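To start, I am sharing the structure in question, which I have written as structure tokens.
So that you can tell them apart, the chains are marked A, B and C in the order they are listed, and the count of residues begins at 1 in each.
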Amino acid sequence: MTNITPFQLFYRAAQARTYPRIAWMYRHKTWIFQETLLPILSVSALAFVYEWMQAPREYVGMVILGAAMTAFWMNVLWSMGGQLYWERDSGNLELYIMSPAPMMSILTGMALGGMLMTLVRAIAIVSAGMILFNVEFAPTSWWLLALVFALTMTALYGLGAMFSSLFLLWGREAWHTVNLLQEPVYLATGMNFPLVALERVLHWFIPAVALFIPLTAGMDALRQVLFRTPGFIPLEWEIGLLAALSAIFLFFAKRTLAMLERKAKEQGTITVKWK
Amino acid sequence: MTELAIRTEDLRRTYRKAKKRKGDSPDASKEFVALDGVSLEVRPGELFGLLGPNGAGKTTLIKILTTLLAPSSGKAWVDGLDVVADAKKLRPLINMVSGGESSGYGILTVMENLWLFGRIYGVPNAIIKERTEKMLKIVELSDKANSKVSHLSTGQRQKMNFCRGFITDPKVLFLDEPTLGLDVTAARAIRKFVKQWIAEDTSRTLLLTTHYMAEADELCDRLAIIDKGKVLACDTPANLKRKVQQYPIFELLLAPTDGSKLDLGRVHGVHQATRTETPTNVSWKVALREEAVIGNVVQAVTQGGERILSLAKSEPTLEDVFIELVGHKLS
Amino acid sequence: MTLSEPFRTLKWATWLGWQIESNWADVRLFLLYMVLKPVSGSMMLVMMFYAAKYITNGRVPTEFLPYIYVSSACYGIVGRVMFGLSNVVISDRENYRMLKYIFISPAQFQAYFLGRGLAQAAEGVLGAVITISVGLLIPDVRRSVNYGAFDLGWLIVFLSIGSVMLWACGMILASAMLNMSRSGTFLSEGIAGVVYFLSGVVFPITVLPSWLQPVGLSLPTTYWLEGMRRSITGPAPEGSPLSKSPLASWSNAELAGMLAITTAVLVVVSQLFYRRSVLRAWRRGKIEEATGM
């Protein structure tokens, strides 16, 4: 292998792994339908629920925001963690592990590859919400909105990298565990309703614990910025929490990947298919 | 130890059975031993073969050497680097191709797949292109370079994966049944290329596993025969054959005769005689205590009134070696 | 092919489907999957109800809660069967690489899908029962359910016809998947999304724009869900906004009749489409193609 710097290797590997997803998007245009019309359909259903119940317009906005942010969560779960499961099944995972490319670069490539589609989905949802349901997105500050969004994404993808390592160790259990992390997470993070509702109906403990999922703190903070509705905790605290989570998850992502790769090698689960 | 390309020391690998399954016998072991104390040494520049039946431990050994699997105990080094402790340093220097592999992305073309797997080794684009074109020409896959992998046959896919192993120009290459599923012409081209590749650069080493005895005989400088996780023998093909054939063996083809009572096993000096009959001939395989005894054998045949159609000395094959050591055929 | 061949295929295909679905984890995780996932989905709607009720100072009628809760529990069966059959094609073709072997075997190909679908449906029904049972722990749900209106007979009728209807829909989707790559799962998601939006799952179809309501009324799932809701919670209370639905004045027999007619049409369409799709897939070599994406 020619002499290259670690950064060059990281970049080349990430670029390479982004490519299959980009090529797929270019060669199979059906995703446009899947990532625009379908999410708009399901968001509209939930928006109609609030309209039926005559809730204020910003509640419809929360449904739209929730759907847009959840798109990123799904990308983290499926394009990073879940994808490793498919890679093992098709025999590609062992080639990646055997290569000098760091696993983080492969995961970055996977995340970037899925990110484009996710962005399209999020933009489609928000645009449809604004046009069909007359929802206004008027943040208290665009800089604040950008900051909260960026911190949420960083923390989310750090968490995703940690998740991915579980797939090296577990088999189909990990895939189904990720599957389980959809609806329960949507509930705990207040995907379609203000987080304080969980405190009112159930117990403050549930949203308090859920805040450690980046999506929870991120969505609650975005709701405060966009709709000026009261959050579970003050906005400044949520920004601080997101920053801390970003640092923690990224720090541990690399370490858990290495640790779980080692465990997977000990148990022989890197190359076992249909497990 | 930097003078050896591959070295293993009492390597063991066991797998724990997760739970007792229906149909398991009451005393079924909770552990499966895939490798049981394997110690091998492969020199740089060697084309080393690993021969064994299914489940012998060949693939397990390769997976350990390519840092995909941790040994349960024992040590292994590739190019002087510990496969466990120095895995990261080792990976730029190695590559592996498995027979019957289904890796790759069906949605991408052959060129794109090879580019991707070259890039994860940090190989520059121009070099990937050059090596890809060369390799595709060798395996006669150039006309499929821009075809999607999902449209390739199994053999074509195998050819693509074979190319993948060489794009990165590894120092130590592991080929796990690389000609599996390939037609005769392709397999021959691959064997020719492999020999050339090793000869071009004496720092390159190749470890090959195969089911095809002729392939092992043709390609390998040395080979190890492995069964049930243990190395039964390790030497050059010629030496292995010599060890197995204690007695010279001759094959006689006789014309069929009704009511033949010929028993070459009773001829003085014959160690063992085996008779096989078909509608058109009778063949005898005789192992003699010394070569001169063949004269007694021919005399016994002619005195018995039978006609010899052909007589040839039989050289032992690797299959004979294998059967002698393992006790059964490979397939 | 003897008469028993399809039944034999059905039997082992159902067994296989169940083995696959229950194989991946231990019993505790499997139950969590059957409890946590569907219940969480329904609980999100419950939270939306309470959030709206709070912000409107209690103006949201209480009967809305059992409506959305029971509907979404029953909708779980729809998703599972429709998605389930398409996923069988994808997983068997691309992950297990077994579809081609089943195709060339004497096993009845459609009976195989039916069997796999039955395993999915069994899971879906179990999930729905668990979800509704858990829902009864919520005070408002428990108080607003008219227990006297629970009608087991009609429930069995709607469940039976509905199962055939969902299987026919699932077969149409699975047949389409035979000629699509893994990315074609968007079709199942799309249909499930359309059903969710137009069939009155989480809001009555009167909430839809007037031009969309006839579309909703043309879907058999609309009648099925209405029938399931009525069998479990009874008809909408007098004077409730729910009684303004166009189906509110229909009797159970009329609902079941309409469901049966639309189901019959779907079964015929599914059979024709299935035969055409299998032939097309066979000609195009799609039965054993794996895209890897």
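Everything that follows uses one rule, which is that a residue touches a chain if its C-beta (ideal position, glycine included) is under 8 Å from a C-beta of that chain, and two chains touch if they have at least 3 such contacts.
Please read these numbers as outputs of a predicted model, since none were measured by experiment.
Of all chain pairs, the one linked by the most C-beta contacts is A-C. When chain centres are taken as C-alpha averages, the shortest distance to the whole-protein C-alpha average belongs to A. Per-chain CA centroids place chain B at a distance of 53 Å from chain C.
Separation between the centroids of chain A and chain C, computed from CA atoms only, is 27 Å. Averaging Cα coordinates per chain places chain A and chain B 47 Å apart. Residue positions of chain B touching 2 or more other chains, listed in rising order: 102, 104-105, 107. Under the contact definition stated at the top, the residues of chain C that touch 2 or more other chains are 181, 292-293.
For chain A, the set of residues that touch two or more other chains comprises 20, 24, 28, 90. Here chain A touches chain B in the complex through residues 1-2, 4, 8-9, 12-13, 15-17, 19-20, 23-24, 27-28, 90-92, 94-101, 105-106, 262, 265-266, 268, 270-271, going by the rule given at the top.
Listing the residues of chain B that touch chain A in their complex gives 15, 63, 66-70, 88, 91-96, 98, 101-105, 107-108, 112, 115-117, 119-124, 127, 164, 168-169.
Per the touch definition, chain A reaches chain C in the complex via residues 20, 24, 28, 30-31, 33-34, 37-38, 41-42, 44-46, 48-56, 59, 89-90, 171-173, 175-177, 179-180, 182-184, 186-187, 190-194, 197-198, 200-201, 274. Against chain A, the residues of chain C that register as touching in their complex are 23-25, 29, 32-33, 36-38, 40-41, 43-56, 59-60, 64, 68, 95-96, 181, 183-184, 186, 189-190, 193-194, 196-197, 201-204, 207-208, 292-293.
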